[in-house]
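Comments concern the structure below.
Letters A, B, C and D mark the chains in the order given here, with residues in each chain numbered from 1 onward.
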Amino acid sequence: MTDLATELALANRILAHEGVLDAFGHVSVRHPADPGRYLLSRARAPLLVEPDDILQFTLDSEPVRPAKVQLYAERVIHGSIYQVRSDVMAVCHHHAPAVMPFCVAGKPIVPVFHVGATIGERLPLWDQHDEFGDTNLLVVKPKEGRSLARALGRHAVVLMRRHGATVVGGGLQEVVSRAIFLCQNAEYQMRAYLLGSPAPLRGGEVKLAGAVNAMPSVVARTWEYWQARLVASGFWPPPSPRQRRTRR
Amino acid sequence: MTDLATELALANRILAHEGVLDAFGHVSVRHPADPGRYLLSRARAPLLVEPDDILQFTLDSEPVRPAKVQLYAERVIHGSIYQVRSDVMAVCHHHAPAVMPFCVAGKPIVPVFHVGATIGERLPLWDQHDEFGDTNLLVVKPKEGRSLARALGRHAVVLMRRHGATVVGGGLQEVVSRAIFLCQNAEYQMRAYLLGSPAPLRGGEVKLAGAVNAMPSVVARTWEYWQARLVASGFWPPPSPRQRRTRR
Amino acid sequence: MTDLATELALANRILAHEGVLDAFGHVSVRHPADPGRYLLSRARAPLLVEPDDILQFTLDSEPVRPAKVQLYAERVIHGSIYQVRSDVMAVCHHHAPAVMPFCVAGKPIVPVFHVGATIGERLPLWDQHDEFGDTNLLVVKPKEGRSLARALGRHAVVLMRRHGATVVGGGLQEVVSRAIFLCQNAEYQMRAYLLGSPAPLRGGEVKLAGAVNAMPSVVARTWEYWQARLVASGFWPPPSPRQRRTRR
Amino acid sequence: MTDLATELALANRILAHEGVLDAFGHVSVRHPADPGRYLLSRARAPLLVEPDDILQFTLDSEPVRPAKVQLYAERVIHGSIYQVRSDVMAVCHHHAPAVMPFCVAGKPIVPVFHVGATIGERLPLWDQHDEFGDTNLLVVKPKEGRSLARALGRHAVVLMRRHGATVVGGGLQEVVSRAIFLCQNAEYQMRAYLLGSPAPLRGGEVKLAGAVNAMPSVVARTWEYWQARLVASGFWPPPSPRQRRTRR
């Protein structure tokens, strides 16, 4: 599991460095050998997640081994989706600044350029209040997680009213790029309203252009780029065990 | 007092690095052992504040020990609030770019997402001109400070027309996170106007979601994050006495 | 060719560092001795392009020497333009954030300040759907490239609906500065709509001001500036052969 | 003159690092001993200006000693203002991104917060086309410089239609802070239009608040802050003679 834990720590930090995650939000990956488990960090800001922070959870979002560390309160988001979407291998929940204005205004995000096609033709908007009334807006109860998973349905992204978004993918690299491209798409869509009325891609274009972003050569190019930027920022690689000892 | 002075220097630098404070603005903390005193830096840009810059003030905003250094002209903001709000343990006054357009337009900021709930359901807007006519807009006289404290009332934030905002909290970490989340909330609210009419959180949601941000595990997560970013920027730790001597 | 390959790698990285290119987009230069060839990187994020990544292509966009590496799918953009525009010595295709809202909204970009005059008086807007119906929006087929080159005509920039822009120039430094100034112009034009209706430069002004940006002293000043910023970011010079070996 | 040349190089770099100047724009200071001369860099991007780049000019904007280096084409802006404004000791001409949308839209900038009071109650808007018809929009001829100086009149800032702005001050530090605060004010004013109609400071407030920014303690605080940020960016101090030799 060491390699996958490292890959997941890297995904956490890339998403933070590219402006999708901040102190909050999280990204998980389904266990490649046991589809009834997923990997997720202990509760920690994603930019700082280290391989040793990665824990295993059942699809009920219980830790496989008893954990003494703090866990993300909203991990049911991940488990609830893995339960009903066998095609989903990775999940990212976030409150990215580019997406939040749409979640606040209750306005749909639609794919407006070829790279944005990866978000799919339609993004459902889930409002926790519809079913649960006044809450703290966090998705912490199993029934809240199931409700969100139902709203997601077969889509790639679900927007969450006054809260954020949840993005799924067939793998860690796909979910990372989809989350980043969702932000670019939202930013361009919002600015396009200053200039006129943006028309979305047509259904056929979404299918054809969406397939491009899944090509291995495209994924390899983006991953090398985001990792190089992260390395230049000083936030990768994570501290070695020796460095961590010294720091304390 | 050394530890608290270091913590306050760190709070200054985090708020500057996260875009709340620039060359101006300040943050104080009430003396933990003597509620009739508070700690505040000498007049210096917050990004550069060092533990040795921290001074003690009475609640009349007079330095406890005669000071030869320049003091913030607006320190009465802090004293006036500590005088009437015994629950307040930390105060931050700022002109954050995300908040200024609201102060200029005289438009209320309202909580529009769960993390923004920490600012409370309603933010009063204080206009110094109402009571004092033409001034330099700084809060320097005791009666100006008292007027601002009255406008703040039992709230967590008061907006100041054509000037900025003042944020209070039950501790240093709470005031730092509230000031940062106020900026995020304002930014999302402003951008949401480009998309439609943002509806604020409901009263019950504000209470429930606001409580989350005060949870120790959440505070620990954000603090570790902001500090790590500050360290990576090179602005923490502050220069050692030896470094300061060399620099001169 | 070594010097020109290094210059092209530098142009790639400057365009990435100044926010024109990200993981995608590419820039090419015509072979100075053989106008029937052009130089372009293998498929790689522009910020990471090294001199060794630079390959030679015929104007049919076939690699001169068989290549085992991944090639940009959209390289016909470059070849198709070099075929019909003998005055063009460099081409840049990009999806810059400042330009995308115009491509999404289908709104023309016009020169609104003296430095922006370099983009020319009128920028044609090409919509791939007009001629080819639903596609993945990439320009990959020779007939798609020829269609784009026709839309470009004698202009300096062509906008591509829901996709991006392609910029041409009489040399590498001209195309780099034109691409960067196009972004500045688009950003100012978009923000000016918040304030009123921006009137473009007059035709005579565009000619006179556009000539200034082509002056060698101006080009030298901008190039020194962008390179210095890139060096400070750590992304120039590219890794030496020894560093690349160690890294692996 | 060495100290003042260093101070002027520092002013150049601070203005570039704080986003007022980019590859273009320039800042000058009047000779403290000879009011008939001023100091200005050779034509170079301000972020890279070194003390050795600083030259002396007559108020006709001719170099005092014959210069073999490239000179700024628009230096008459500086000389023309020094000729008619004996109170002006420093001049900055720029195309800052925050100001450009106003110059493009032809919309006045007004002081909207206390720090913005330093720009004065009214900013004239000069349109080179009114008097000179189609030009390259650069201010290069003496009569163009004189026209601009007339438009500036007794004001602190003059906006230049489709071009930029020119800021004057009683000293180098004042002109630097005025240029930076002009950008903040413009940014807040522009964003306030998204929220409603921003009302400017009253005349009395502009006078009172404007005086605050000229206080030595305020100037010292901002200067220490901007210089510390520049040092952290790696762009100060400028390279030593030894470093420059090695670099070549």
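The rule is simple: a residue touches a chain if its C-beta (ideal position, glycine included) is under 8 Å from a C-beta of that chain, and two chains touch if they have at least 3 such contacts.
If you're wondering where the values come from, they're calculated on a predicted model, not measured in any experiment.
J.: With centres defined as the mean of C-alpha atoms, identify the chain lying farthest from subunit D.
T.: A
J.: Mind checking subunit B against subunit D and telling me if their interface is mostly the same residue numbers on each side, over half, or mostly different?
T.: Different, since most residue numbers here occur in only one copy.
J.: Between subunit A and subunit D, what is the separation of their C-alpha centroids in Å?
T.: 45
J.: Go ahead and note the Å separation of the Cα centroids belonging to subunit A and subunit C.
T.: Measuring from centre to centre gives 32 Å for this pair.
J.: Multi-chain contacts only, two chains or more: what residues does subunit D have there?
T.: In subunit D, the residues touching two or more other chains are 194.
J.: Each pair of chains that touch: what are they?
T.: Listed in label order, the chain pairs in contact are A-B, A-C, B-D, C-D.
J.: Which of the residues in subunit A come into contact with subunit B in the complex?
T.: My answer: residues 22-24, 43-45, 47-48, 70, 95, 97, 100-107, 129, 133-138, 162-164, 190, 193-194, 233-235.
J.: Applying the document's contact rule, which stretches of subunit A touch subunit C when the two form their complex?
T.: 112-115, 117, 184, 187-189, 191-192, 194-199, 201-202, 204-205, 208-209, 211-212, 217, 220-222, 224-226, 228-229, 232
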